[in-house]
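First the structure, which I've put down as structure tokens, then a few questions once you've had a look.
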Amino acid sequence: MLTLDFHPTGRHFLQIPGPSPVPDRILRAMSLPTIDHRGPEFAALGLKVLADIKKIFKTKQSVMIYPASGTGAWEAALVNTLSAGDHVLMYETGHFAALWQKLAARVGLKTEVMSDPGAEVWRHGVRADLIEERLKADSQHSIKAVCVVHNETSTGVTSNIAAVRKAINAAKHPALLLVDTISGLASADYKHDEWGVDVSISGSQKGLMLPPGISFNAVSSKALEASKNAKLPKAFWAWDEIIEMNKTGYWPSTPNTNLLYGLNEACDMLLEHGLDVVFARHQRWAEGVRAAVRAWGLQIQCADAAVYSPILTGVMTPEGVDADAVRKIIYERFDCSLGTGLGKVKGKMFRIGHLGDCNDLTLMAALSGCEMGLKLAGVKLAGSGVQAAMDHFSSHSAVMPLRKAA
Amino acid sequence: MLTLDFHPTGRHFLQIPGPSPVPDRILRAMSLPTIDHRGPEFAALGLKVLADIKKIFKTKQSVMIYPASGTGAWEAALVNTLSAGDHVLMYETGHFAALWQKLAARVGLKTEVMSDPGAEVWRHGVRADLIEERLKADSQHSIKAVCVVHNETSTGVTSNIAAVRKAINAAKHPALLLVDTISGLASADYKHDEWGVDVSISGSQKGLMLPPGISFNAVSSKALEASKNAKLPKAFWAWDEIIEMNKTGYWPSTPNTNLLYGLNEACDMLLEHGLDVVFARHQRWAEGVRAAVRAWGLQIQCADAAVYSPILTGVMTPEGVDADAVRKIIYERFDCSLGTGLGKVKGKMFRIGHLGDCNDLTLMAALSGCEMGLKLAGVKLAGSGVQAAMDHFSSHSAVMPLRKAA
Amino acid sequence: MLTLDFHPTGRHFLQIPGPSPVPDRILRAMSLPTIDHRGPEFAALGLKVLADIKKIFKTKQSVMIYPASGTGAWEAALVNTLSAGDHVLMYETGHFAALWQKLAARVGLKTEVMSDPGAEVWRHGVRADLIEERLKADSQHSIKAVCVVHNETSTGVTSNIAAVRKAINAAKHPALLLVDTISGLASADYKHDEWGVDVSISGSQKGLMLPPGISFNAVSSKALEASKNAKLPKAFWAWDEIIEMNKTGYWPSTPNTNLLYGLNEACDMLLEHGLDVVFARHQRWAEGVRAAVRAWGLQIQCADAAVYSPILTGVMTPEGVDADAVRKIIYERFDCSLGTGLGKVKGKMFRIGHLGDCNDLTLMAALSGCEMGLKLAGVKLAGSGVQAAMDHFSSHSAVMPLRKAA
Amino acid sequence: MLTLDFHPTGRHFLQIPGPSPVPDRILRAMSLPTIDHRGPEFAALGLKVLADIKKIFKTKQSVMIYPASGTGAWEAALVNTLSAGDHVLMYETGHFAALWQKLAARVGLKTEVMSDPGAEVWRHGVRADLIEERLKADSQHSIKAVCVVHNETSTGVTSNIAAVRKAINAAKHPALLLVDTISGLASADYKHDEWGVDVSISGSQKGLMLPPGISFNAVSSKALEASKNAKLPKAFWAWDEIIEMNKTGYWPSTPNTNLLYGLNEACDMLLEHGLDVVFARHQRWAEGVRAAVRAWGLQIQCADAAVYSPILTGVMTPEGVDADAVRKIIYERFDCSLGTGLGKVKGKMFRIGHLGDCNDLTLMAALSGCEMGLKLAGVKLAGSGVQAAMDHFSSHSAVMPLRKAA
């Protein structure tokens, strides 16, 4: 057992933007004995989670549940809809958008990366007008898919997916719309059907509050149609067999049963609370955290208030301060994990997750850790972020009553 | 399942002075399948926890492990050593001392309550000099036992047990020394043998970081001698049969096996860390919390810095402010439980526990909740306690390295 | 962790008559974080389990839930209703009846032990006619209580409690009726109110399928009346304060919260299944086990078919065969725990528990272990008990459908 | 929670050939809080399981640990070593070999299926001589890989992998040897390096006693060399990035952390027991089960005693008896899951798993269920398999002492 090393004393504060802290209720559900994935109880479980996850994606169409982590679901979205050499337009909003592009190239697609040339690196969401312009220029319709990230986990910037769909339509372009909402789903509002997304990709370890190991593809009929002619080789990821088997609550390959117990419990929790309550809760937390960052006099990575992420906040450290040195102090001294700056922003920022099994005081703990760590690292702060966050949380009531005293 | 009600979102902050937050490692140990308490595996477990608990009490003598909560162990200490009508001297330092007196009277003892008449109510530890004086006056040796509380859970005041023993000796009085260290053991240093205690009483749900349900009597040879002539009826609590059966790792009546799994794990954790590290950790936390109370401009219930409790801090609310109204706000708005004022200090103070599965950021969370709640309740604060605690925790390194970054 | 030692490979078969195998669902409930036993969630839990346990005892009156094991509840029943030197009539049906008598004597009661002088030792239930006769002879009403055991865990013999009440009434005797149903409750039908029991004593680790650590006193108004004049010292066990505090869902001393989580879950399971289904299930298992014993050509400890226990079966080994040597083989070779012969039947019989988290195949496993072990110990068997049990279980459908195939 | 539906009473007997029953110790390890998969604790865990799993495969080379189930690892083995249209020789020993062929065809390989034309369907292992013959005929070396299954989960037939390697060498053929040991690893001996396997494929839910969700590729230097020229698109499955990242204990995509906690615990258990003890244990169980099948007068699916599977036994039902009807009775009446007949043997046989968290009495329970179910289904049995298994288990001591009585 490695448990002692994990818990010298007190519970670790896991404030990275995923894996998010998993509620005890889910951890316990996951520890029930594994059952026969070809038996009747399993079918009941399978049908239940397949129905629930549609509600979470706000779709009436099929959702694949893969026994694999998110990277696999990226690959699945591509190999089910595209053929070798197909041209895809990928908008780079941050590190995960960049990784997805790398993966697309690796499976044999011709990737075109676009971003706003005039903007600062990784501080803005997708500019739908640029996409529209690019698609209009593609009069041959050589572009087969547009790939965007809903919530950039590396920066704390969201993108307006409905606007992207509108842009594609305005350009009268047949390209598919593929959206990574790995960290957006179940924390920020997401409307697969209403927004006209063709493939939505997500994972278990963020808003769903599960450990990693499950990932998703939600599809449209257009995507399904495309899958019939897509030539990239696929077997494990192939939608057709999964959709067929799912009708009876089973999967063609072995599902990871115990994580499905957790998914079942997570869906119950989210739907019991109500998705709108869940989203409002994240918004409120995010505002508290941003109040802290502003009080410190530091920059929020997301430069556009319209697309602040409700799930995480990127905090830019001042010129000359290594953000990872700050994180290290907070980790070693205060037992709190924060997200590192990835790729182009490495060392320049750190990320505070405000998702999963979380509440106001969890965030106060994390912000205290940040404030102490920043000071210990020698950062001059304009004021107390902790104070600002307390002001915010006390002046804004919680979305849902937490406790009722007798 | 009541789990949803317990956890609307995020983990509850249980900052009462016991039951303390139980580490996951212990909760998991407790959920192992129950075994035959007359079988050989059980004997191994029994001998192990009996040996470990002696190290925790710092005694080489017998320790009874009762499958019952602390009140039972109070009763056990009395019925094993005394006879109906025996005169006992009980020093009232707070609510639990008062409850113990009530229990002693109820089982048929003649209780004499003493305290420092000149002192404010429940803000000081035992005055050993007053005990010495009283015992000297008892030239007939009618007093059979002196009962004191090591760490008053209702106030956050400790008492100097070694000084009490010295006082008894100085008075050349044969009275037994019975000590309640229910909340002291395993959080503050406790030396059953060295301090010359005759019966030490403790429980599982405080420094041992277990759920309630186990309690203890550590004994001396003088106490064992007394037990041979003690006439109060007893069976379940009787030491003689327990000590006899314990030789082989068993108990005369059914032990509560799954809590013993937890006790085994708790002892492992405490002894792996080292008791000195554990005690220093609590001291450091306590100092941080007291720094906060002072910065708020509020009074600490314990008026004597020499006997501040490392386990909990009593916070007095200003005249006219109902401490329970403050607690209610903190509970309902911020999902944090604090201890209520008990008995004579009801409504006048609340208690912050800093024990069990805890760390700096847990306390920062709790103090943030307190600061927000106090303000919301209309209390004028002199300054930010949260700021003061952050200053304390950042300028004092943790006792034990928490994490090591790669 | 001692886990490896407990589980070399495969799950141990715990076929002792308690502690019974605890369902995973209960073990998981018990591992939830401990909450404040003075907070509002606790009150909800407290009121819930207090209401549920009344349904299990089939009483509308108060039930004490003690954070202690069964021996304590024996003591509680006595000290709440009797005074020092009171004369109690105790019917010896087996080892636990004898232990209760020993405890009663130890707390200062005058115990009169009776049994059927003409009967074989410990093979029959209570003879109510003998009790009636004895009470009629007690014209001075010096006898204050009649104490009987509902299900003798040491022998597998039940007693007709309704008949005992009828006998007391027929004798027009005011003695209280105190009944130990520690292993009977929730496995065999028990009607506290209808049967006119004054104090029923039970524990958690048998039919309630919990680990040990909780015990009960169900009371009558006559018992409550008696408790006002009972002079035996008591505090921890005192009913009055408990009943008062229970009105709001709390207890005067610290309850063992995590075991109450388990009790809550156990009551849910039992009441969801329905008590009649639960009782019928135990009867069916018991018949299967007795069929096996008969096929082996061995004697069932209970000599009277009318009072066979549905909870356990005592198996007498032939003259010259040490029952404990048989048990040892079964334990060491086949990882199955059986109950030992206690007191007067030590070495002459062993006990098979058929209670708790159990099903037909669990019992087939246990009976296979017994049959192999008996043969390895050199016992000549008349035939295959395993075969007989299979015949029984296949020709008698389960009480409740277990699984439904798709 | 679906828990009640899963556990009406007693623990379900999961006797399918995987997912195998998961030990409590592993389930508990899996329920620990998820940690940051980019933090230092994770690296320690990663390096530990990477080192341990090599010992289990008996290899000094790299082992990929995929956060995906076994089908994914089949695909990974192919896409990392082969190019579109490559010719692979696949030996059909049963349903899983057939499924693997289907997957290989789907990812774009030219599959050649071979088997022994003169043999009964799916009752024999691989004939290495036929492979040698075929490879010798392939003078152009168009065959790029030979794919065989070590332990056919659908039949209970193993194949001699060392002999296949010898055959390839004898043919002086450069084809890679790819072996599916999904259900063989950690239950039957497996020597990746010594046997000269190029890619070994395995999964978590069989001998490793974990829930499904982890799968493996163990590789050779020849396979790594081949991977440099393999043209099938791949990203998630790509070995190169995994091997690179694994050096520091991390993975390029998100690992399924909580299942790795389980893997860590499983490796500890297996290596503490010793692999030889583990293998011998399975052999002994398998012999007991086969003794039962023979006593019933039924055929074992595996027609060749030299390659009986230690992990599962296929039981052929008599002509006219639907094996699935038998399974349904056993499931519904006796709460025991058995494996169905798959593909070409559907309805003609069922499978008894004897792996995972299992012991003699677990198997006696399962065999009792089978015997009762077969009779209830109207199958005439030659004799009692249960009796035969008891004879076997009592006359053959367990491989490892289970328990030691005091």
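Letters A, B, C and D name the chains as they come in the text, with residue numbers starting at 1 for each one.
Note that in this section contacts are C-beta pairs under 8 Å (C-beta built on N, C-alpha and C of every residue); 3 or more make two chains touch, one makes a residue touch a chain.
Please read all numbers here as calculations on a predicted model, not as lab measurements.
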item	value
Classification of the subunit C:subunit D interface as same or different, half of numbers criterion	same
Between A-D and A-B, the pair with more C-beta contacts	A-D
Longest centre-to-centre distance from subunit B, chain (CA-based)	D
Whole-Å gap separating subunit B and subunit D, where each centre is the average of the chain's CA atoms	53
Centre distance in Å when subunit A and subunit B are each reduced to the mean of their C-alpha atoms	45
Whole-Å gap between the CA centroids of subunit A and subunit D	35
Residue list for subunit A, restricted to those that touch at least two other chains	1, 3, 11, 21, 24, 28, 31-33, 39, 41, 331, 403-405
Interface residues, subunit B side, partner subunit C - complex	1-3, 5-6, 11-12, 14, 16, 19, 21-22, 27-39, 41, 44-45, 48, 66-72, 74-75, 79, 84, 103, 106-108, 203, 205, 211-213, 232-236, 238, 252-259, 261, 264-265, 268, 331, 337, 340
Parts of subunit B lying in touch with subunit A, wherever the complex brings them together	3-4, 7-11, 13, 21, 23-25, 28, 269, 272-273, 281, 328, 331-336, 357-362, 364-366, 368-369, 371-372, 375-376, 384, 386-387, 390, 393-394, 397-398, 400-405
Contact footprint of subunit A on subunit C as seen in their complex	1, 24, 28, 31-33, 39-41, 43, 248, 403-406
